[in-house]
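All chains are identified by letter, namely A, B, C, D and E, in their written order; residue positions are counted from 1 within each chain.
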Amino acid sequence: MIAAAIPRVDWTSIAPVVTLFATAIVIILFISIARGRVRTYEPALFLAVAGLGLTAYFLARQWSAVIDDGPADAMAHMVALDGFSVFVGLIVVIAAVLVLGLSADYLVDRKIESRPEYVVLLLISTAGMLMMAGANDLIVVFVALEVLSIPLYVLAAFDRRRARSLEAGIKYFVLGAFSSAIFLYGIALTYGATGTTSFEGIQSFLATRLLVDEGTLIAGLVLLLVGLAFKVGAVPFHMWTPDVYEGAPSPVTAFMASATKVAGFAALLRVLYTALPAYSADWRQLVFGLAVLTMLGGSIGALLQTDLKRLLAYSSVAHAGYILIGVQAASAAGLRSALVYLFVYAFMTIGSFAVVVALGGRDDLHDIDDLRSLGRRRPVLAALLAFLLLAQAGIPPTAGFIAKLGVFEAAAQAHSYALLIVGVVTSVIAAFFYLKVILTMYAAEDEGETVIATEADSTPVGLAVAIVLAVSVAMTLWIGFLPSVILDFAHDATFLF
Amino acid sequence: MIAAAHLSEGYYLTFAAILFCIGAVGLLVRRNVLVMFMCVELMLNAVNVTFVAFSRALNDISGQAIVFFVLVVAAAEVAVGLAIIVAIFRRRRNGATADDIDLLQG
Amino acid sequence: MEAVLFFIFAGLALAGALGVVLMANPVHSALCLVGVLISIAVLFLIQDAQLLAAVQVIVYAGAIVVLFLFVIMLLGVDRSESLRDPVRSQRPIAIGAGVISVVALVALGSQRWTTGELASRGVLLPRATNNIKAVANSLFTSFLWPFELTAALLVVAVIGGVVLARRSHLPADEELHALEEDDA
Amino acid sequence: MNSRDLLDLVWLVPLLPLTGAVVLLLVGKRIGDPKAGWLATGAMGLAFVWSLVMLIAMLSLPAAERSHVSTAFTWIGAGTFHVDIGFLADPLSITWILLVTGVGSLIHLYAIGYMHGDERYSRFFAYFNLFATAMLVLVLGSSFLLTFLGWEGVGLCSYLLIGFWFERTRASSASVKAFVTNRVGDFGFMVAMFFIVGALGSLDYSAMAEGAGALSKSTATAIALLLFVACVGKSAQIGLHIWLPDAMEGPTPVSALIHAATMVTAGVYLVCRAHPFFERSGVAMDVVALVGALTALIAGTVALVQPDIKRVLAYSTVSQLGYMFLAAGVGAYSIAVFFVLAHAFYKAALFLGSGTVIHGTEETQDVRRMGGLRKYMPFTAAGFGIAWLTIVGLPPFSGFWAKDGVLAAAFYDHSYVVWAIGLLAALLTGFYMTRETLLVFAGNERFRADALVGADHAEGADAAMVTDHAHTEHDITASPTVDYGMPVAPAHMTHEPHEGTPTMILPVIVLAGLAMIAGLVELPFHGLEFLSKWLEPTFEGAEGAKPTSFLSGFGLSMLAVAIGVTGIVIALRWYRRGLDDPGDDPVDRKLGAAGRLFGHAWYYDEGIAALVGGPIRRGAQWVADVFDQQVIDGGVNGVAKVFGAAGAGMRKVQTGLVRQYALGIVLGMVALLIWALWRAGIG
Amino acid sequence: MLRGYPILTAIVFTPMLGALLILLTPARRPELARAIGFMMSMATLGFAGLMLWDFQTGHGGFQYVELNHWFTALGVNYSVGVDGFSLFMVVATAVLFPLGLLGAAKVDVRVKAYVFWFLLLEGAILGIFLSLDLIEFFVFWEVMLVPMYFLIAGWGSANRKYAATKFFLYTAAGSAFLFAAILTLGFLHQSATGTLTFDYQTLAAWATGGLSESTERWLFLGFMVAFAIKIPLFPFHTWLPDVHTEAPTAGSVVLAGVILKLGAYGVLRFAFGLFPRASVYFAPLFLTLAVIGIIYGSIVAAMQKDAKRVIAYSSVAHMGFIVLGMFSLTILGLVGASFTMVSHPLTTGALFFLIGMLYERRHTRQIDSFGGIWKSAPKLTALFLIATFAGIGLPAFSGFVGEFLSLLGTFAAHRWWAVVATAGVILGAIYMLWMFQRVFTGVPDGDNATMADITGREMLVVVPLLALSLFIGLYPQPVLDRVEPTVRCTIVNFESKAGVALDRLDASDAKGCR
């Protein structure tokens, strides 16, 4: 009655995840041994970056394997090795490196304790995301979701001396656990309805069988969607985002906004595109509704915000809405556009948070009013923030425009004209609050007040943050001007899905 | 292999649905963070019951295997969650409820 | 026989669940939770999930709930909660939503709960020893990958617990001080 | 060089004054006073000489071939539409350029002295030359569009010159009023051109000559009437006449040149030029004749009681222009042109004379404050007197022949109504011109400081001035159409009145002389109708009715003279000795209520001013302030407000309570579940 | 001579290159930025002049076409070309920008940034006029907003934040629909033919046959919303006065001069080219809006208290003439509209420069606070007077030719619209002259009495514009000859695709179009 033998371990497919775990363990061991004797933080950072670099190398290996042999699965069909997983994995790894860059000085400056552990948690979370990218089974999705989320709960609350950070942590945790339970229930119902949790199993089951009584499956689908919508921050499951983004340490927020969102969408795309294509007519309706609400909610919610991080949180909600447009298209173009959007979005948002980090600010509060006449006080930072915000607003020739163009094209192609209209209209609403920030930096000056250079103005931007900022801006510009590379990359990724 | 006179899985599943929703509602109406966690545990248990019931109905062992993962996840969540609570309550000894944690809003 | 046991323990479990939600004192809630968990263990048992029943009692009732109680005591948050909800609309809406959810889920499921393919990843084995084998088999073959990954969860739980619960030697931000003064 | 080659050079005529204008605009200040004036006058004089050359060249051609177009280049060509910059030399245009350059030269000459000492001396002459250019383009244009170019050009110059003394609010307001009123007419001109293009495909006069006859009556009527609207504007016919009296705010030479001799007759030119349309229509001719007659009459009534020396002349001009249209309206184009010539001479003389008077009396314009000036300025008085005799229509001066020709043409055209009206207007002309002449040059001297003030009439100041001041200072409606009712200003002269300089006297005398003898060009005797013959190629087949017999013609003439003399006699009786009390004008007393009606120009201006300054302005203000800002822009901003409110709502929902966020999740789940129920076909 | 040389790319990217160069200059040497800016915009003018000189007359299709792949994954190419519609807009743009920089010598804060944005704006606008790919067009269309936004926000007057935001959002709102329509069009084409492309010529050739009439109408409206806002057509005009009042002088000049034309150009090029049937169908609607705009703009202009607002509303009226001419769908109307598009930048540009000079001298634009300037600043007044009359549409100035042809064309097709619009001629005189009267006549007092007259440099800015206006007013043929073939092609397109006989054309007109 033994169903199967122990599966052959396909190292290619799991190498990235394993590498990250191994790095994390190495760092933990190092901490335990070296604590109190030598500095542990810098070596931990170094090890982490090296591990991430190695991971990227393995991802590249995976890519060539996929190119050569086509998509495959491994570990008893639990792991998918395809263009999609590599693409998403790459975004996540890049995001993790950039966030480490943001964190390096930040943790020191703010006197946050347990810094090496921070690095470990970040690595494990990243590993969870990689797992998610290659998930081929609902159970793997669930476990990966937890592996990436639980460290994030801790990271959000990491600045323990700040009440806001703790509050972010507890809120994220309660709601995260709650939505995980719902998601899990969805898995259970789907399991009952199809007899399996494997994507391929579900897909082939639904492809070969015409279910008469679809109640359980539909209920499962709905609950799965709720859980994933929570992770990607879609309205009305978004309410945690503003609070958590605002309260969490800025680099963590950057990580959540970029990598977590990527992972969430990876899961969503996997579940919907791989497991449930037979029900695309149904979930397209739901995603349609979610997309509309998310775009509207994100852009309208941001209108009156006074805190920069909170504003960026709402903006990330709005972005989720645009990505949902790509999801809703249920086509290769939709998938590709969503991937491109995620890629671009990661850079834009990390760049924006890099400015937030560079600006410092007492108690990590970021009132937009404090940006007053930043254009005069810190011209370079102001210009970069303005640029990144305009990119987020989707103004060409930035990557943001290419991203939006992609999802809108997908919508048009899928005849989702209503989404297209809502999308373009909310872009305009969204432009308002980005402009509000820009105006504060540039036009608010010389209204009778003299520009007072604060102490923070003279603090130089740390090298790591500067590099992160430069990379983000460079990518945003580069993709804006010459998007072919990334478009083709994403195209191949979807082709090999 | 399966005895004929089983109770239909519908009973278990209905029970699980009710339990799940009690847990969900509990999380919504309680203000003590620990009780809220317990409600999450209720929800997870409801899911476990669901898995086991389906497992039997499908005559498929994986449903039971999955419950193990749920258990692990629940344990890890509780550990971290309680740690966060401890960290918060260290600072605020006067028994704050979830409603008092509202610095972040708007 | 199964039906009788089911109704008894399902009823107990629901009562316990209501207890968790309704008890004003968190300690009482925790105790009710224990009742729920044990009842569910029984339900596992009657469904031929012997291993799970045992684990349920050991891990859940034994470890998790104790942890809860420990934290409650540690923090001294065992004061009863006021029964009036300051947000007046919350309770009716929550209950209404809960009821609708139950009705909807049951209505959806009761068309026909189980529609899936049978025995896709190994069949159930009736007796307890066989059950353990079957589960183990499944975990180490089909679910090897997620099984390995759960290791990460445990690592995270440890690190997270340590990091967060560690006593800080640095003062809190001014803001926190201010809040403490407010509370006092 | 044969005469056609010579006629090709007709563009030199407008070019000469244009050169003058450009030079003066660029370096006029450096040329200075009075050299700038001499330069401008020289340019005009040369233009006149060249016009004479053109005349000779034209005369050397056989009558049937006296039409020559010289094309410079394509102005606008698009699609099938094509207009050239081209000049048409034919008897009509040659006549007009002779008039413009001839009278223009004299008035330029006059202005040298008149404008002496003005701080913007050279600019005045630049404008003057520019005006001449535009006027010459107007009459020489080979198409409606080029005529329109000139038409607008003279409007521009008129604007500039009326507002020449821009420091005076009255002047600047009058200039705006003139331009805007003319624009109303231009509207007609433009729409007429659209019709013409639609009907004929071309705006060339040659196309009109060929195609007008074949047009439908209604099209022709539309074109003709629209063109006439333009003429009404430019020639200040009844309805759009309101700007001309105000135009007297400009320097007097301007009044003489533009608002008497040349520009205002452009309407007559246009009717003559476009006569095929009018002929084809028929109805339009009647309208022209009737409007002309009514204008002659009504403007005459207004002139009766005006106290301002120039304003009497202004209304007189309006009235006289009415005669010209009357003539054109009954088909007597040659007579109309003849009238234009005659009028140009005598009215220019009158204006220049009045200018000299104003100049010599330290800017006094109120005839009630003059009197007996012939003693101080004998030459001017002589010139003015001759012109007076001419305008009132005493034989054998040109005025007689012209007016007689008009009335006869009307009578023999069986247009008895307009004839009767014209006759009546002659009575008025006789009266008001005599009144003015006597009040200025004869009778007691009322300009001295010790003269009676007429204080008891001071409170008679009424509406005209009150409305003038009621408006804000810079208001389009604040233009001084009538000064009637203004109290007599206290005498302010510090010196004795004096005669003008020789350059000012000479033109008056010359013009008066011309006015005397101009009748010779068109005598209503067989073989002596030189002008009609000369113009015959232009007005081919469109000659007005002729007296059937000498006797009946003579009878009519005598009747007209008699009526004119009646007016003179009445005025002589009232004003022979001037005014005992400057504040007490007999005409006011005798006419009573009618006098006030006439004095206020039938309240037409005040009515329009009240309308524009009142409801129209309030309406526009409402549109600008309420509708535009609150309705339209309010709508735009309202959209933003709606989103803002939604954003505020979202902030409110975000209470910070984690339970509520969870509730959000649950509610979202419930919504999805309800969708699922619907999807699964349950409930 | 220029065939084979990427002259158009040079035109678009020279200013952008200049902008990059300026970034490299040190901020404390503004004169360097200014010099580079002026040089690069002059170089652009040089290229544009070269193109104008070399442009082949009597040829209605695109010239100097360049086609390069940009990102084919989304069907987007970099493709530029010039025809009669865009030719003079490019030249007008190239003329206005150096003058704008010259006129902005008074800007003394953040000069580097100012010149940077200004050059970027020039490049974007030129890009809009030259793009032959719809997405590329849209990219430039959106890019243009940014520099303009910063110019208003950074160098505007008191209420600049409101104005900048309003400008950006209002225009972006319109563009949103344009964007949606472009994408939809592209994908309808893709699903019909299998090729994903946004190439204008391909789509134009396909659209009428490939789209149902109702789809065509919706797409047309999507395009028109964007264009109507930009033009701006009544009732989408309220952003214009707000922006004009707040924008710096050169910004206003460019805004009125070319940015407003972008909308009209969009209609000519894209709405007409892609959706001929819908254009015919909706023509009465837009004619009516145009006529309302003419009358309404004039009335509201008359009542303004701020000189810039007067000109702003006058632009609404002038743009009404342009729209009127276009939607007459006749050769004369289209030629007239195109001509007005060339002429309006000259006259209105001059007016805005002059008002800017008044503002620099008196720091107010309130009409009431002026008076009698003629006495203290006669030369400035003379130029203002000329600009006023040029703006009114006095024959001999360029405005007249355009308006006259527009009206003539409209009259042939829609008599009563033309008649009512002609009435706008009267109103135009009222508000302009009334403003002139209040500002320049009377006796000056206070600061007005001591106002400095125009300087040589300022003359250098204004005189060329007015001289050009006079020149093409008297001799418009060079412009008309280059515009008309393209207009004929458009009309041929209408006749063959919309199936209506709009004008008297023969088969020879269709040659050399596409």
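By our rule, contacts are C-beta pairs under 8 Å (C-beta built on N, C-alpha and C of every residue); 3 or more make two chains touch, one makes a residue touch a chain.
For clarity, every value in this text was computed on a predicted model and none was experimentally measured.
Peer 1: Enumerate, in label order, the chains that touch subunit B and subunit D alike.
Peer 2: Touching subunit B as well as subunit D, we find A, C.
Peer 1: With chain centres defined as mean CA positions, report which chain is farthest from subunit A.
Peer 2: Greatest centre separation from subunit A goes to chain D.
Peer 1: Based on mean C-alpha positions, which chain is nearest the centroid of every protein C-alpha shown?
Peer 2: Here the chain at the core of the arrangement is E.
Peer 1: Can you check which chain pair, A-B or C-D, has more C-beta pairs in contact?
Peer 2: Answer to which pair has more contacts is A-B.
Peer 1: Which chain's centre, taken as the mean of its Cα atoms, is farthest from the centre of subunit E?
Peer 2: The chain farthest from subunit E, judged by C-alpha centres, is C.
Peer 1: Measuring centre to centre with CA averages, how many angstrom lie between subunit C and subunit D?
Peer 2: 99
Peer 1: Return the distance between the CA-based centres of subunit A and subunit D, expressed in whole Å.
Peer 2: 78
Peer 1: Let me have the rounded angstrom distance from the C-alpha centre of subunit A over to the C-alpha centre of subunit E, please.
Peer 2: The separation of the two C-alpha centroids amounts to 43 Å.
Peer 1: Provide the C-alpha centroid distance between subunit A and subunit C, rounded to the nearest whole angstrom.
Peer 2: About 29 Å separates the centre of subunit A from that of subunit C.
Peer 1: Could you tell me which residues belong to subunit A and also touch two or more other chains?
Peer 2: In subunit A, 3, 139, 143, 146, 150, 153-154, 157, 160, 163-164, 169-171, 174, 178, 182, 189, 191-192, 195-196, 214-215, 218-219, 242-243, 305, 432 touch at least two other chains.
Peer 1: Could you tell me which residues belong to subunit D and also touch two or more other chains?
Peer 2: 640, 651, 654-660, 662-663, 666-667, 669, 673, 676, 680, 682
Peer 1: Out of subunit B, which residues touch more than one other chain, so two or more?
Peer 2: Where subunit B meets two or more other chains at a single residue, that happens at 13, 20, 23-24, 27-31, 36-37, 53-54, 57-58, 60-62, 66, 69, 73, 76, 80, 83-85, 87, 91, 98-99, 101-106.
Peer 1: What are the touching chain pairs in this one?
Peer 2: Here the touching pairs of chains are A-B, A-C, A-D, A-E, B-C, B-D, C-D, D-E.
Peer 1: Can you list the subunit A residues touching subunit E in their complex?
Peer 2: So the residues of subunit A touching subunit E come out as 379, 390, 395-397, 401-402, 405-406, 408-409, 411-413, 417, 420-421, 423-425, 427-428, 431-432, 435-436, 438-439, 442-444, 482-484, 487-488, 491.
Peer 1: Mind listing the subunit A positions that touch subunit B in their complex?
Peer 2: Interface residues on subunit A, with respect to subunit B: 3, 139, 142-143, 146, 150, 153-154, 157, 160, 163-164, 166-171, 173-174, 177-178, 180-182, 184-185, 187-189, 191-192, 195-197, 242-244, 246-247, 305, 310.
Peer 1: Mind pulling up the subunit D residues that touch subunit E in the complex?
Peer 2: Spelled out, the residues of subunit D in touch with subunit E are 73-81, 85, 145, 148-149, 152-153, 156, 159, 163, 166-167, 169, 171-173, 175-176, 179-180, 183-184, 186-187, 190-191, 193-195, 197-198, 473-474, 476, 620-621, 623-625, 628-629, 632-633, 636, 640.
Peer 1: For subunit E, which residues count as touching subunit D in their complex?
Peer 2: Listed in rising order, the residues of subunit E that touch subunit D are 166, 169-170, 235, 237-239, 242, 296, 299-300, 302-304, 330-332, 335-336, 371-372, 374-375, 389, 394-396, 400-401, 404-405, 407-408, 411-412, 418-419, 422-423, 425-426, 429-430, 433-434, 437-438, 440-443, 474-477, 480, 484, 487, 503-504.
Peer 1: Considering only the defined contacts, which subunit E positions touch subunit A in the complex?
Peer 2: 27, 70-74, 76, 135, 138-140, 142-143, 145-146, 149-150, 153-154, 156, 160-161, 164-165, 168-169, 172-173, 176-177, 179-180, 183-184, 186-187, 190-191
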